[in-house]
Every structure is written in structure tokens, then in C-alpha cells.
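Quick one: structure below, then a few questions.
Naming follows writing order (A, B, C and D), and every chain is counted from residue 1.
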């Protein structure tokens, strides 16, 4: 990963790319997983900038959907879904800083079929929901259990999908709110962005001392928008490397990989998520890449890249990116 | 208030309309006001169903905007706005119950000009905001200080508006989230609904033992939608009478006065708030007023009443109501 | 109607309130009704400013739903719904002018049950639709035939609703577009605004010579938002009085009655309709009623009135109003 | 283009991939360009299925923005923008059929700087607009003239963008509406979808005899969402090959290239455009590719591809696609 040497994480992080201690955040060490992201829970781990953490994430169903007969409406109890590891405290992190989270690897855990996808009543983009409230009947409730390994996602006899793992939920804590793990917002949270996989760095605004990093919700693969409401959810061993960038006050999360930089917005309606993402990207290009504001705005109209993360969560997530070759 | 005898509060409340102890929740007793609504704060008061509470609310600016020169961008520090009294614990309240909050009276407190209205940068319906994120300049930042008494709101030499007080923010606690006081949602919160004044009963879903009632954000008057982002915000002495209805599991708050019943939804985009409100009203008519579901739906298409509470908060609020004369 | 003497129509109209010739626009004279509103159709009538027209409107189902067994999915053929009378040419009307349409009276026509309300598949606010496209099944398809007279709308054995007639669709022609009669927009069209009944004046922007006035879609009553998708649709004899205001270039329709003035916006999402309406109202108060722009904006935040016309049509309609007593 | 032999166009089109006559639709032959797409204009050309047409398109500014000093607010007169070639009649096309439009090539026309990009007052995703109506000042009005050739788009001294031409506006006529050329809808229109370039086939629903094909609005390149409101607009020589598929009743346009098939939706809010696109894609997979409906829905949640065409036009456009390798 030669490009990492030129990443913002490496250039501006306190650890400057050096790797410190490796911590194991196993299920046992985590103990109680969390269903809100906020400042009111006890830390499970404290690390230094540059440290690596190997995290055992649970799937978004908290492991309760074991077979195709375990219907979510029977085995899940809202709002206790999408369990998170953390909070992880990062030494020296203060409001106005940024945590940089590089995802090194994501490996499946547990026995196959490890993967789960479900159509959940009153959830998903092509159904009435609790927010787009209709009098229509729900769609059928269907659970798919799916074999997953690092070579593929064995969707059906007809189709094998590539293994494209990413983290669905990643965030620091808000300053005073504690937000359920289904909802993305300016702190990060349940963004469900396929770009947030191995080889990516996510930049998260720190709003409270220590940052209080939460992580969970691994996806073995996911389409743009996560249209039925769930990805191929699975338990993972996710290895991250965390650094601290002092004095970088972000309003919203950002992401970098070898090819692009991306700003991320989460809101409803969907155009507002896209507006946030593009506005943040314009201001970023102006502040840090030597672009005039209007040149950036007009140029993104010619070369901006949009990723629809999800349009099924309580807020929708959009990433707006630009290829690094234009930032030079 | 003869109609109260036939209200749901009176008919189904544990106290059946009898008035118990009167509690004073002064500024001194409140001590620390709250900026999130959740389960993580210490109660200030415990009451029995039927008790009355006289609450000294602060204005939404926490009293920091004392003159027209105190610009919000200078004197406010986000997210520390819209301070709430509470939480008030109600004996016997459990998840699946409802708190009924009858507002007896709202009187202005403090010296004139007690009222404050402000245009706040990146806030309000006709400006770009943090969620409808644009590159446009903010509108001018303007503070109006306004004399308020129980005879009127002295807006300008040209215009005196009627004193039409109501509570902008009212809620029980969510089960595990702690939500900033600017955001309305299914727990209630910052609904900014002009109907929520003296003579109204609000029914709030209880999601955690004791209910944990929060109240604040008095408005001396407010137009539909609260278009510039703020009402005539003022400190008040608000007297409420609280009862407990056991085993009434609501998804969203509801409201009753002498003429109407109303269901309340908060969401973005605005049509989703209206959908929630109307769906809840249809289901309410079916469950409790002897209407067939489709008869209710079609009839509301002929006689439903909509109040736009706000379209400026992080979620927008709509009430959908029907005149009681049709409920028999 | 004493107040009419002080109306904008009377004060600024070419006819200054005097009544000219009365024209009969019967079904026979109309001949072919229209399903788009545009510049490409032959006029049925030419009138002078001040003239009165007695219009025989058809119901929005074009009279095809005669019994409860005439399901819309069987008897209607899209896009041939919501038939309009017109176009009526107004002498002297040019782009940049306004047609003022005062509704004098609306009387039911035809035999009872004259009124029709229907739940139409993939239509209505609490159903998936062609635009909010879902995989959910449609709601049941139901037709109600309803007796209507000037004393009431006989909804059911249990409920009689008041007769509150209004015109659902009213407009001049766009300049070059021809827009189906289901869609409201800046030309007017299918606004479904309950305020647009007898005693109201609607101001419509003229965009092409003669104005080309279209009218139809009478409702015997309608709730805010028209939630199930249809009002009590009925054939009417609607008497209007039309005047011409020269040199009043409006972007969107406006309305006046004895108590209020209102600006009207139609858009999706619903907040955009409300934004248009309030922006137009602020600018109107600034341009013609001596208000400073920001004073108007802040004051409407305290006393603005919102009517949700519909949130079921291809665009949603909102009216934002202010009581005339504040306009002096 | 070997893959064309397996395209739907080739397999099901009347011409089965054979190429007929080549027609020249020059500026001279076109004469009057069109600013609405509808059934009320005179055809410029009649062709047979399989014929090729070489079209001289004008840029979206109708050639009026010749220098950086030609501000749109001065030289453009709404609604006379985005001129279209056509209508082209296709022999045998009837309501319920589809026109397949394969884009063979797009070459720049005219002298450099041929390309134009502009920030137009009250237009663009990060500005208030006529529909998201605000009281904010407009962003600066800026025109960029850009050299364009088939090797690149010479954006600035710093940045050369790749030449990635596509057609912004493509459609058959609606049945009775005539829709301005700025607005996309179920007929096609101003979709601004970067995929609609050389090597793509667009399938357009025929709603009126002859189909009445309109084409225009070439873009030398465009980012996802067209965030500032305009692409690199330029005059082109666009060569298309048109076929007719009988008895394929589409609700919305679709697209195919060598790698994917895509369904296209246009609506507001943006999530509704995405819903339409994904719903159409699910139903397509069920109807023509042997998928169970719910299998398709759940699988697209894992591998669906979304393109944000624009979120600046009067309706927003989204394409939802799937790689052909999964369709077998």
C-alpha cells in the first residue's frame, strides 16, 4: 500500500504512518455491544494514535437470525439491532480533531452460512416504512442465509457475487446526543457506504475527548443504495489502524483511498445528502487543494463521482468524490 | 373546561381527572437544564398521576439573547440551545403506557422585552441550512426583542399580534437514544405545534420506566411552519397537569382539545411527516372510534385538518386532525 | 360582498369591479373538454375584462364513474381524466398581466348521487404511486357515490359533511408547455386548494396572449391534503367573474378573500411547495404592502397561515397566507 | 461492437441490426429547433427502423453564450433553452412500442472554444432555485468557455478532463403533454445521464404514432449529478441508429451497453427517482431475465449500480443498473 505514504492520514497524523501496539477487541473483551452511539457508555479499550485494533464485529442482526426461519419480526426486538464494538478511546483526541481509521482487512468469522440478508416488514426502499408511512401491506418477510468466504458471496445456484467487504457503521461519538446505530448523521454512524472497505481511510470528526470510536455492521458486499434494506450482513474480524489528526475540524466524515477523496453526507430527502456531500467536497478542494471555490464547483459538475450508500436508513447517505489525479 | 370530562385523559387516565399535588419546578429546583432528551439524566421531580406541575421554562436561547445586539452566532454555542426542564418521573409509568399532559396555563416570566425572535445564519426555511447545504451566503442575522404580555405580542409599531402561547418542546424519553432538543421525532421533542397551548392535552408514548417527561421552549405565538426558524421565544410559567394512561402503546404523539383530535408526525421530507400524521389518524379512528379503515381514509380526504408545525427543525412536524363532532 | 370593493381585483382590474356580459359555457358549447392545459387548443369563448361566465364543469372522472361498481381502473383511461372547460380568451390579456377570477357561486349539477370519491390503485398519499414507486400491493380500489346538495355532503349514515365547494383546477396557459390537467405548477392547474371557492379571487399569471383560461374539477368538499387522492368530485355550475390586471408579472398564482391574501406554490418535495408559497408571500408584502423584507419574513414566522392543498398530485400544493388586518 | 449482436435492440428490433438509409439532419434541415417535447410540432424527418441519422445538435444555450461575457441572465430568454432536433417519425411505431436509439458517435462541431459551462442565477444544486425557493442571494454568475476536441476537455491550465460525450436529452413524445426541454420525465427528456453516450442503446416508450423522436443537449463530459447545473455543453454531430421494438410497453426509459442494463427514473425528491429506477429494474429482471421478484430485489441490494444523472433539473434523474454477467 505504497499510496498510504501520501495519504492525509500519514502526512498529518500524529503517528505519521508508524504502527504501534496491536489490540484485540474480541467478543469476550467487548462484552456488551452497543445500540446507541454516544458519550454515555463505558470505554472498552484505550489506544494510542498509530495503534492497530483487531475487532470481532457481530452481524447487524446481533447473530439472532441463524436460519431462514428466524424471521426478523420474531427474533429481533427494536431498537436492539446493529450492535457496535467500542467505544475505543484514542489518547489525545479532543473536540476539533479527527480520527483517521484505515481498514487493513476484513475476514469472515463463524460457520457458514455466515451471511444474512432479509426483507424486513416496513423496511427497505421499495416498501412503506415507519417514516414513509403508508397503509399498504408489507412486502413478504424473507430471510436468506448465504455462504461467504474471501473468494465469494454464494448468493444462489445461479449467482456468485464478489467478496467486497466493508464496514457499514463507523463513527466517533456525538458531543451530547446518543444516536441509535441505525441512523447515520454528521458523526458517521450507519452510512452503509461500499467504499468503506479494506484499503480505505475514513476521517471522523472528534466531538468529545477520546473520540469514542464505534465500529460494526460488516457487509460482505452491498449494492448502491442497499435497496431492500440489508446487505449481506456477516460477523467479521476487522483490522483497523487508527491515527489522530489534530486541529482538523470537520462537519461531516470524509474518506480517502488510493484513487479518490470523498465527502460524505447523510440526510433526508436524498438530494440533501447529496448537497451536503458536494458542498463539503467543494469547500475541501478550496481549503486544502488550491482550488478557487467556483472553479471547484463547476469542475465537479464535469467530473464528480457520486456513490449512493443507502436510501433505506433513517437518514440516507451519499458520498461525493473526485479522483486524486485532479488534486495533484 | 367542561369538555375535559369527556377527554381521553379523563376517561382513561389513572387519576380520572382528579387533581393531586401541585409541584413547583422553579429555575432553582431545576438547576441544570437539559439539551438532550434521553434516559441518561437525573430526575428533578417525581410525581403521581394527576399531579400538577408549575414549570419555569427558559426561552429557547437559554436567556442569552438579551438585546438586539446579542447575535446568536456570538452568544450561542451549539448544541446548547433549547433548554428543557425535567426529567419528571411519573409513578407507575412503564413502556407501553402514555403520559397525558394537559396545559392549564402559560404566563410570561421576567422583564420586558421578554420575547425574542431571530434570523440565525444557516437556519430557517428560506435559507440554506446545515442539512439543505448550499454555497449561498446566509441571510442577514437579525434579532428582535419583543414586549409580550397576556394581552398581546407587541411585534412592531404597526402590528400587535395576539398572545397565543404554546409549548414548543414536549416529550417523554426515548428508550435508548438521547436526542438533542432541536429535533422532533416519535418521542415528541421540538414539534413547534401551535395547537400545543393552554387547553390542549398531548399524549406522549412512554418508552422507559417513569416516562421521564421533558418540557420547554415556550412560544408567545407562532405562525404555521415557523418559517424564519424561530417563534416569539420567551420564558414562561407553564402549568401542566399530568396523568398516566396504562396500556396505550402509541407510535407517535397525539393531541386533543375541545374541538379536535390530532395525530402528529415528524420527518423529512415534509410529505413523510404528513403521511405519518394521517396514517396514525386513520388507524386511531379505526381502533377507537368505530370507523372502517378505508371509510376513515376516504373521509379524511374530505374533512381532515392539517397543521404545519414547523419546516425548519432537523425534522419537520405536521399534525393531522379531525373535528370531534365526527367521532361521536 | 362589500369587501370586494377593496380587493386587488376591483382596485387594479381593467373593469374596476363593473360586471359586463354574462356568457354561458354549457357542456354543449364546450364540446370537447381538455386534458392538457396549453397553447395548442382552440378557444371556446372570448370575453372582455369584467365579463361573467357560467360554466358547466364535469367531474374529474369525466362522468365515467356512475356507480360504485365503475372502478376507475376499468372505466378511466389515463391520461384522459380531469376534463377542463376552456380555453377562454380574455381581451387585452398579454404576457406579464394577470387574470383575476372571482368565483361567485358553485351549484351542483345532475342527478344524485352526484358526488364521487374513489381510492384509485397506485394513487393517494398513503399508497405507493407511480412516482413514489414501491413493490407493495395497491390498497383496495373503492368507489363511493355520494348525495350532494347545497345543504350538505351526505357522506354516510353516520356523517354529513358541510357543502364547501371549490374549484380544484384553474389556470391560464403556460407559454409553450401543454401540461396534463393532473399536475399543478406555476401556471396554476390542479392545485386542489379548498380556499378556491365562492367568495375567493384567484390571480393567475398570463403567459400568452389572451391568457387562455381553463377551469374544472369542482369539489363539493375536501380536507387538507386530499389524502386518499380524491375529493367529493362532482359536476357543477360554476359562475365566475373575470378581470384583467395589466402589468402585474407574477411567478405563481395568488389568492384573496375577505380575510386573507395567500401565495400558492406547487412542487415536490412538499417543503419546496411551502418554500415557494412563503417566499412569494414575503416578496408580495415587501413589494405592495410596505413591509421590509426581513420584517415580513420574521413576522410570518409568528402569524403565517398554511393550507395544504394536496399532497397526492404529481406536484403538491401549499398556500401561505396572512390575515389582511396586518396589511393595513 | 460485437456485443450489439446480443443486444435487445438487435434481437428484438424490427431491423434486427441491419443498417438502412443514412439521413442527414443538419441545422439547415432542422430549421426551427424545439423547446418543448410533444405531439404538436411538425416532423422534420421520417425514417424506417434500422435507419441511421446524423444529427447536428446545438448546445443547450442555443449557441447564445459565445464568450465568457455572455451571461446567461442577459442572453438567454426562458423557456427558450435546450433546443432539440426532431421530431423524427419512425415508420410503424405505435403506442405500446419502443424506439431503440443506439449512439454510434459524437463529434464536436464548430470553432473552439466550443464548450460552455455556466453558473446560472437560481440554478444548480448548491443554490436556491425557482423550486427550492429561498431568500438567499444567487451565487455569482460565471461563464466558462472551454476548448473541446476528441482527445480532451481542456478545463483549465491545471486540469484536462477526458472527452466523455453523451446526449443530455433524448425522448419520444408524450401522448398529450408537451413538456419543456429542461424537464425529464417518463418520456425521457433532459435526463443528463453520462451513460447515454456512444456505445449505448436507449429504449424509449412510444406513446403516439411515429414515436416523434427528439434529441439534443450534447455534453462533452459531465460529473454525477451535474452539480453546478450545467455540463460542458457543446454543439455536436451525433450519429444515431434507430430501431423499433414492437409490443414492448415500457413505463420509463431503459438503457443498455456492453456491460450493464439500466432502468431510468426521473422525479423529486431524489429518492423517488431512485425508487422508480430500482422498481423498474426489479420488474425487468422478473419479466425478462428469469428472476423471482424478491430474489431480484434482494440481489440488487448486493450488486445494484446507481448513477446519479442530475439533481439540478426540474426533476432529478437516477439510473439503476445491473451487470449483464448476472443476467445470463
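Everything below uses one rule, namely that a contact is a pair of C-beta atoms (placed from the backbone, for glycine too) under 8 Å apart; a residue touches a chain by one contact, two chains touch by 3 or more.
Owing to the predicted nature of the structure, the values given are computational and were not obtained by experimental measurement.
Among the remaining chains, those touching chain A as well as chain B are C, D.
Homomeric contact chain A/chain D is classed as same-residue, with over half of its interface positions used by both copies.
If each chain is reduced to the centroid of its CA atoms, chain A and chain D end up 34 Å from each other. Here the spacing of chain A and chain C, counted between their Cα centres, is 48 Å. Listed for chain B are residues 126, 132-135, 139, 268-269, 275, 279, 282, 297, each touching two or more other chains. Those residues of chain C that touch chain B in the shared complex are 117, 119, 124-126, 139-140, 142, 144, 153, 155-156, 158-159, 161, 221-232, 268-271, 274-275, 278-279, 282, 294-295, 297-306, 308, 311, 316, 320, 326, 328. Residues 35-36, 38, 40, 79, 130-135, 175-180, 251, 265, 267-269, 272, 275-276, 279-280, 282, 293, 297 of chain B are the ones touching chain A in the complex. Against chain C, the residues of chain A that register as touching in their complex are 126-128, 132-139, 269.
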